[in-house]
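The following pair of complexes shares a single chain, chain A, combined with chain B in the former and chain C in the latter.
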Partner chain A sequence: MLEQILIQTINGIVVGMILALVASGLTLIFGIMDVVNFAHGEFLMLGAYAGVIALAGTGSFWLALVIASLVVAALGAAIHVTTLRPLLGRDPLNTILATFGVSLVLQNYALWQFGPVPRKIEEPITGYFGLFYLEYPWYRLMIAVLSAAIIAALWLFLKYSTYGVWIRATTQDRVMAQAMGIPVPRVLTIVFAIGSGMAAASGVLFGPLVGVNHAMGLDWVLKAFIVVVVGGMGNLGGSIAAAIFISLMESYASLWVSPAQAIIVSFVVLILTLLIRPTGLFVPTPK
Partner chain B sequence: MSAADHSEPLVRVEDIHTYYGKSHILHGVSLEVRRGEIVGLLGRNGVGKSTTLKAIMGLVHPTRGAVLLEGKSVGHLPAHRLARLGIGYVPEDRRIFRLLTVAENLRTGLDGRGVSEARKKELLDMVFDYFPVLAERRSQAGGTLSGGEQQMLAIARAMMLEPKIILLDEPTEGLMPRMVSQIRHIIHVLRREGVAVLLVEQNVPLTLETSERVYFMEKGAVRHHAPASELHADHEVVHKYLGV
Partner chain C sequence: MTRRPTLLFWVGFFVILALLIVAPFALPEFWRRFLTEILIWGLLAMSSDILIGYTGMVSFGHSAFFGLGMYGAAAALLTTRPPSLWVAFVYGLLAAAVVAAFVAYFSTRLRDIYFAITTLIFSQIFYVIIFTWTEVTGGENGLTFSRPALAIPGLFSLPFTTLTLYWFVLAVLTVSYLVLRRITHSPFGMVLQSIRENEARTRAIGYPVERYKIVAVMLSGLFAGLAGVLYAIQNRFAAPDFVFFLVSGETVIYNVMGGIGTLVGPIVGAAAFLLLREALSRFLTEFYLIPVGIIFIAMVIFMPQGLLGFARRWLNR
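Moving on, here comes the complex of A and B:
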């Protein structure tokens, strides 16, 4: 039993880290731009497809990871400039509908372009290590480490770079940020590009485990939204904590019930959060 | 302080009209500020003083009339362009970035303008020299500062832009008397640095004492305009527009 719990802990952390990567892009976009991005899962999916193509072209998983992230970040920037920037200052419902529309377009584009048969991304490391009675794939551990590294890089970027300071200033007071000479429209585009690129990176990283298809974004984005709400909308640290917390809960639950039923746990956590602490489990209650 | 060598005023506002939704806020405001000049803008609450500052800053775009900076029409430019052209803004509620440290608050005005590292250090040294308390608290979050310290930070932050003019909106509001004299000192500092100031205040003595000229606003328009020295002797005008 103890062994099983340890295995599920590792599983929970691995899935939690990748979920944190998906959710941090989502919460970044929400926290800074007040945009609920329903197309986030599609950026993940397009990232995975871009990874498939880049991998076929270059033969290197790592190169494919970088290329896919950059391509999708550029696509995110283009979508922001054409679709979301004109809606700046309008009712949030407008941006929700716009991102929902983008989501439908991208999903059906992928179906049309790549067909319904799932593609495979070969994992870059195929080895296993012994974990009690299990052979545990090294690649899974690597996903967790890489996700953590990407999130850490984001954190350092936000903390120290010029754009990082601009992004945080824009989050706190958009009008004053403009009055200080910060090019706010460009800052918002860059935030959207970063969020999209992070979604794409998670798509490539997770591709080898689940297969790449046009609807793969849906599962992740639903769970990422739960994480973002539980962690506190727009709170990066909260989202990471919530992603690991929820994934651990699900992992432990699947000791007793099937993994498909264990998903119920995330909804229970979501509902309890909304009932008891609607501002998020990991934020101090606002005064 | 004389503007005799420049025929064109630094900022000229010509007959601007603004709307907030359907309500007509400014009904043709005209005023000008010369280089290095301290100009007061007085009037009762709600007559459009803050809106006038916002229109100069590009935060409100006039539907009619023009805002000119050094003779060029800038009324259509976004605020971030105007900030880089030399307009600093210190709003009524200070609006410092509460979760950013004091140093980061100052950095927002320094980065991305192509300022050399040496000049950045010079500018920081200058404000830390004028406001030593900001140097002490440079790693503290802006939101943890007292009201007076936040006001200093808001002004210091605007100074990072090396502005030609600072728009100061009610800098003494809600401050203790000791802090009011600090604000007086800051305005003198700006004068010494050659920065023009357009000062919106409720504190009439402070405005008359620091300004060279004063505009009076009523119902969204400028109704009167006089050198501050004349107003010292003429309490009637002040009484008429401010009721004090």
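Moving on, here comes the complex of A and C:
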């Protein structure tokens, strides 16, 4: 029993790190742009497909990871310029509608282009290590480390680069930032591109575990929404903590019930959060 | 609201109603069913307009209310002997009301965008429950049942034909429309609209905003459940697909296409969407959502007042 709990803990942290990668892109876009990105899961899915194609073309998983992230980031920038920039200054509810439309188009485009049969991404590392009676794949641990590295890179970027400073300034006060000469529309496009690229990276990383199909984005975006609400919207640290917390809870729950029902645990966490702390579990109490 | 437009409104109302009553005589069987379907989806869209258009809260969870209406009706038709239309209505509305109360209590704690996300997640909760609780709900296959007769005990009883079912649905929709129109014009409706315009100020004036929002969500959920019952009666099945959030998304699309905050607009939007789907899916099969999605995005950007608002502005020019 103890071994099982330990294995589930590792599983939970691995899934939690990918979820954190998805959710941090979502919360970044929300916190800075007030945009709820319904199409975020679709960027994850398209990233995974781009990874499949790039892997077939280049033969290198790492190259495929980079190419897929860049391609989807460019796509995200294009979508932001064409559909979200015209909505700047309107009620944020409009952006939900627009990104929902984007999600419909992208999902059905993927179905049309790639068909309903799931594709497979080969794992770059196939080794195992002994964990009690189980052989645990190194690749899973590597996902967790890589996700953490990407999130850390994002944090450093926000903290030290010029664009990072601009992004933070835009979050604090968009009008003032514009008055100081920061090119706000371009900053917003770049944030959207970064968020999309991060979603794509998580799609490629997670692809080997489940296979790639056109509806894979849906599960993730729902979970990411739960994470973002539980962690406190627009709060990067809170989202990461919430992602790991929820994934751990689900892993432990799947010791007793089927995985399809384990998702109910995250619903319960959400309901309790809404009851006790509607502003988010992992944020300081607002004054 | 001035006097003259009111007269104009009633003239228009009765002309359109009369046209809808006689419409099936000019239509073949397939289009009669299609028109019935438009009216049912129109009722669902109209119910969500109370939230989107009048209170300023976008609900992505209407599939839960609609679906629970369906399953409630299914429960009534499968368990009670002989199956009665009215019991189906009672069960369906009860189920939808309970779910709506539950969702309303939690989701109204959060504002605008958060509301959209929490309603979406709540509808998925019910989807997962219905999908996995196979013994009761039939799981993925759903439930099938026979259609009850249109009957008033002791008075008369006649089985539904396509034609009478159409008129029945039209009657329910008309009554719902009049009720909702009355509600949105009442002081209660005015408070909802003031919440949409400025929530902080409404609260400052002294209205218990949360309570109003909860009632609005429950009202909306009740009418969505009504649409679900009608849909169950028309199609003689209840399936988890109708609890899935895609239905909620389509409901939002109907609203935006037709024009929010008008009650009639969403019905027009539902008609436009379903006709578009019918036309496009002839040669695009299930990929019709690609062009429909692009049209939807374009409408959000360029025509936020919807078809009806656009037509109104064009007429006034």
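Keep in mind that, in the parts below, the second predicted complex is superposed on the first by the 287 of 287 C-alpha atoms of A that agree within 3 Å, B and C clash if a C-alpha of one lies under 4 Å from a C-alpha of the other, contacts with A are read in each partner's own complex, and residues count from 1 in each chain.
Following the convention adopted for this analysis, a residue touches a chain if its C-beta (ideal position, glycine included) is under 8 Å from a C-beta of that chain, and two chains touch if they have at least 3 such contacts.
Everything numeric in this text was worked out from a predicted model, so none of it was measured.
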{"item": "Chain B versus chain C as contact partner of A:133, first or second or both or neither", "value": "neither"}
{"item": "Which superposed partner A:226 touches (first chain B, second chain C, both, neither)", "value": "second"}
{"item": "Winner by number of chain A residues touched, once chain B and chain C are compared", "value": "C"}
{"item": "Which of chain B and chain C A:260 touches, first, second, both or neither", "value": "second"}
{"item": "Which superposed partner A:172 touches (first chain B, second chain C, both, neither)", "value": "first"}
{"item": "Contacts of A:181 with chain B and chain C, given as first, second, both or neither", "value": "first"}
{"item": "Contacts of A:101 with chain B and chain C, given as first, second, both or neither", "value": "second"}
{"item": "Residue numbers on chain A that touch chain C, as the complex places them", "value": "30, 34, 36, 83, 86-87, 90, 92-94, 96-98, 100-102, 104-105, 107-109, 111-112, 222, 225-226, 228-229, 233, 258, 260-261, 263-264, 267, 270-271, 274-275, 278"}
{"item": "Interface residues, chain A side, partner chain B - complex", "value": "162, 165-166, 168-169, 172-173, 175-185"}
{"item": "Chain A partner contacts - residues on chain B that touch it in the complex", "value": "57-59, 78-80, 83-84, 89, 91, 95-100, 104, 107-109, 111-113, 157-158, 161"}
{"item": "Sites on chain C touched by chain A in the complex", "value": "56, 58, 60, 106-107, 109-110, 112-114, 116-118, 120-121, 124-125, 128-129, 131-132, 249, 252-253, 256, 286-287, 289-290, 292-294, 296-297, 300-301, 304"}
